[in-house]
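Alright, structures below, take your time with them.
First subunit A sits with subunit B, and in the next complex the same chain sits with subunit C.
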Partner chain A sequence: MYNHSNALKATAIALLLSGCATQSPTLSSGNVEYGDSKAVETLTNEFGSTDLQTIAESMASSLLQSPALFAKKRPLVTVAEVKNRTSEYIDTKSITDSIRTKILKSGMVRFAVDTSAMQTQVDELTRQNQTGLYKKSKSKKMGQMEGADFRIEGTITSIVKRADDVKDVYYKFSLQLVDIESGTMEWADEKEIRKTSNKSMF
Partner chain B sequence: MHSYKIIPFCVALLLLNACATHKPPQPGSIHAKVEQLSEMSYLRVTDLRAVKRNHLLTVQAEINNTDSDNQQLYYRFKWLDASGFTVGSEEPWKPVLVYAYQKQTLTAVAPSPQVTDFRLVVQSPDNTGELP
Partner chain C sequence: MSLFTRPTSFVLPILLTVTLSGCSVMRSYDDELKQTLALVEKGQIDQALTQHETNNTGGDFDLLYYLEKGELLRLKSLYKDSAGAWLLADQKVNEWENEAKIRAGAILENVGAVLLNDKTRRYDGHDYEKVMLSTRLALDHLLTGDWNAARTEIKKTHEREAIIAEINAKDTEALEKESEEKGITTTFKDLNGYPVETLNSPEVTTLKNGYQSAFSHYLAGFVYEALNEPSLASPGYRQAIELRPDIKILEDGLAALESRPSLRKPSETDVLFVVESGVAPALSSITIPVPVIVSNLGVIPISFPVLHSDPSHTLQPVTVGIDGNNTLPLAGVTSLDTMSKRALRDDMPGIIVRGILRAAAKTMSQKALMDQGGGAAIAGIALNIANVITESADERTWRTLPATISIARMTLPSGKHDITIGSSKQSIDIQGSHAVVVTRLLGNQTYWSQPAYGPQMPVYTAPAIAQPTKNIAGSATKKKSLKSKKKKLKKPVHQAQG
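Right, the complex of A and B next:
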């Protein structure tokens, strides 16, 4: 009798609990979950998301403090190449894209089409002006593009050292702002990152 | 006193104690600008200063390690406009190593001229597990 009443109580509690629980709007096998894209990632000491994010943030905030950019009202900037001189594959375009996005969001600088997007720009202008498909009054004119005031370029280098079970990686990201008309370098900054990993025996 | 009477009494005391110790931070104080995910055991934010430079809010924070061991700190800033809304997307968490008894300076620049206020969010793996 005692066991029977306990079983009834347990069933009642289970029913109440299941009544309170709500279904999450997910369809999952249970092995995959979303994480924080802004979390500090230290899975390996190769170049990772935290390195990309911290470089982009550091460079963007430093560049926005550059007096050269404030000498002109909303100057026009273009992004040239960032050379990868490390021993690993790093998508440097992704770093410069992040820097550009952060600077653009400040609203203090404009960006001109860079060399990698120039063909698309030319194709669009050609389509509007030379295919005969567009009204002349509504198509964007040829020869109206603006030349950039400044060019951003840089390099990323690394030094890798191994000793016994320790691997040390040092990254240095250098960025420069060059005045295109005068050819003078108006701003430069560096971001250094050190990552050390131990190959534990246990 | 029976135990069934003591337990609610203790709970009430704890609640009262919690109310008494968790006073809202004074406006303008460091605590009003710092969000600790948990009370840090050895790291303290000892100084905060902010100034507008080139239309952008620039913040400098001083972190003091009171321990004889090096301490890891994770931090990020939240940027707010005049209405208290966040400006831009969330910042990435940034790791910084604070050596034993070192005073480490953190500097950050707001992402946009609309920013008028900020919060410094900090987390140390060596924490008390208690609310700050």
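Right, the complex of A and C next:
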């Protein structure tokens, strides 16, 4: 009887909870669907989402095994430019952003603002220190930024060949970790990708 | 067969003729635009806009209406209104993109064009016009100072180019198959009386294709560079070089990409001068007798489009004068005249196949009516008249586009400068890290643009307000050394060579 009463209570709670739960309405024309962001994309042989994810995954895991990063406690790293030596409009910052996110999640390193975010950083410090709007005791001081221990930089190159019915694209993504003080290269790795398509694709 | 038993066979062709006389099939786009452009050449932009509206009534405006309107508004320096018109054109191109991806390879599936003429097809724009639309929208945004919106349009340009390449490949494959099945081997070189030389000149045949322009890609490089995205700027400059090799300004764009930011001082502006001349070529119709092998119908007159280079005969300037003491050479990097010829050359196989199939369909229906005799024969005669009236090539093309685009680039001290192009002089206020100055020459008129402020490149130093006294003394020394450095940098950083 005791058990039976508990079961009833549990059922009642479950019913109440299911009644409370609100399901988000769906507005759909039936023509749009969400897809798997990790799905392998082979729509064209231009640089695509799968290439970006593959490179970021491969480089981040390789970099996290670099002994140079373990030598110092949570070293400070900055991301320099990955030079695009291809004729394709590849947003290499998007690749390095993904690599940085994966490495940051490991908790082993810290990242200093890179050149593209520097202006925002300077603007913020300027606003806090020179507009007269902030309490001096509460504003972040100028001249306290930390210099990075390492710099990540790299290149992406491609070789494109066309035969009668086939287009072959070879990408090589190279990344390296440079000790800023000594100028020594502490780690480097490459990721190669080959994509081949037939005539109807180009 | 009695006329009264099959009235539709008699009435339909006549009805068709009467109905069509008032619609697009009878419209002469070239005549309409001649009037509009004549007003633009006289500097009467308001009247040109009124003329454009008079030519387009009914409310359901097509892509071409918005393309021409955007250009006229731009010449009037109404960049936001121009962008508004072009964004409506862009929506239509987007619709085409979405449809085209699905129907790629179905190049001959337009019943209207097969039965009447290409004018009855919805105007989807030539491929180079679709790409130019994004480039010109980017220029509009740059002239209003919205560099991020310009970046969006530039990104759209390369995405659009990729879609066009994909669709063209599929259409070409389908066309080759259809021609083989129908036994059509006619090329534009076989058209007796067609000005083959317009589509067969070396500058036309050496172009990579009819839709990618060196200017669009150089502008992409410039905008990405201004927004501190060198990894995207480099493919822009690189593709411009691939499209137009051996032009120094294009090569310098890539070669100096890494060194340029450190050479330019915060008080200087990297200026891209864009000089557009003339108008895009006009299309007219030429009728040529073509042997129609389909059903052995003999020789039938078919109409084909012919391009006529810049009817405005505007002179293309070769230099830009700056403050009366500097002369920059202008490099002609893009010729829309040549691109449109290349586009027509690439479109000709489709035009020929559609023309032959149309001629075959018309002749066979006319023959069937004549064979019936009586009232049907009268209907056959009426259909013949309708065929003669309606047989005309598609003259529609974005006419207010320039014939050529030339560029020059120079780093100048920010501020007002007297710029001279041809016989026209204008004081232009140039501010920000980068600026684009667009000038359009048409007939005897010069339409200048006043660029909005460009983006500010990162200056990694805070303003010197809160510096202690000893540092102020230090900064004074620094100023002195900067002054001597500035003297050295007076010469142009980048000069074009024609």
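Methods note: the second predicted complex is superposed on the first by the 174 of 202 C-alpha atoms of A that agree within 3 Å, B and C clash if a C-alpha of one lies under 4 Å from a C-alpha of the other, contacts with A are read in each partner's own complex, and residues count from 1 in each chain.
In this text, a contact is a pair of C-beta atoms (placed from the backbone, for glycine too) under 8 Å apart; a residue touches a chain by one contact, two chains touch by 3 or more.
Computed from a predicted structure; not experimentally measured.
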Following the overlay on subunit A, give me a clash-or-fit verdict for subunit B and subunit C. fit
Looking at the overlay, does A:Val122 come into contact with subunit B only (first), subunit C only (second), both, or neither? second
Given the touch rule stated above, what does A:Ser158 touch, subunit B (first), subunit C (second), both, or neither? neither
Residue contacts on subunit A - larger count, subunit B or subunit C: C
Answer with first, second, both or neither: which of subunit B and subunit C does A:Thr50 touch in the superposed model? first
For A:Gln130, select first, second, both or neither according to whether it touches subunit B, subunit C, the two together, or no partner. second
Is A:Asn84 touching anything from subunit B or subunit C once the two structures are fitted on A? First, second, both or neither. second
Using the superposition on chain A described above, determine whether A:Ser61 touches subunit B (first), subunit C (second), both, or neither. first
Tell me, in angstrom, the smallest C-alpha to C-alpha distance between subunit B and subunit C in the overlaid model? 24
Where subunit A meets both subunit C and subunit B, residue numbers: none
Give every residue of subunit A touching subunit C within the complex, in rising order. 44, 46, 81-93, 115-116, 118-119, 122, 125-126, 129-130, 142, 199-202
Which of the residues in subunit B end up touching subunit A in this complex? 53-56, 58, 74, 76, 88, 90-95, 108-109, 111-113
Footprint of subunit A on subunit C - complex, ascending: 155, 158, 162, 165-166, 169-170, 173, 220, 228-232, 234-236, 238-239, 242, 456, 458-463, 465-466
Contact residues on subunit A for subunit B in the complex? 36, 38-40, 49-50, 53-54, 57, 60-62, 64-65, 67, 70, 102, 105-108
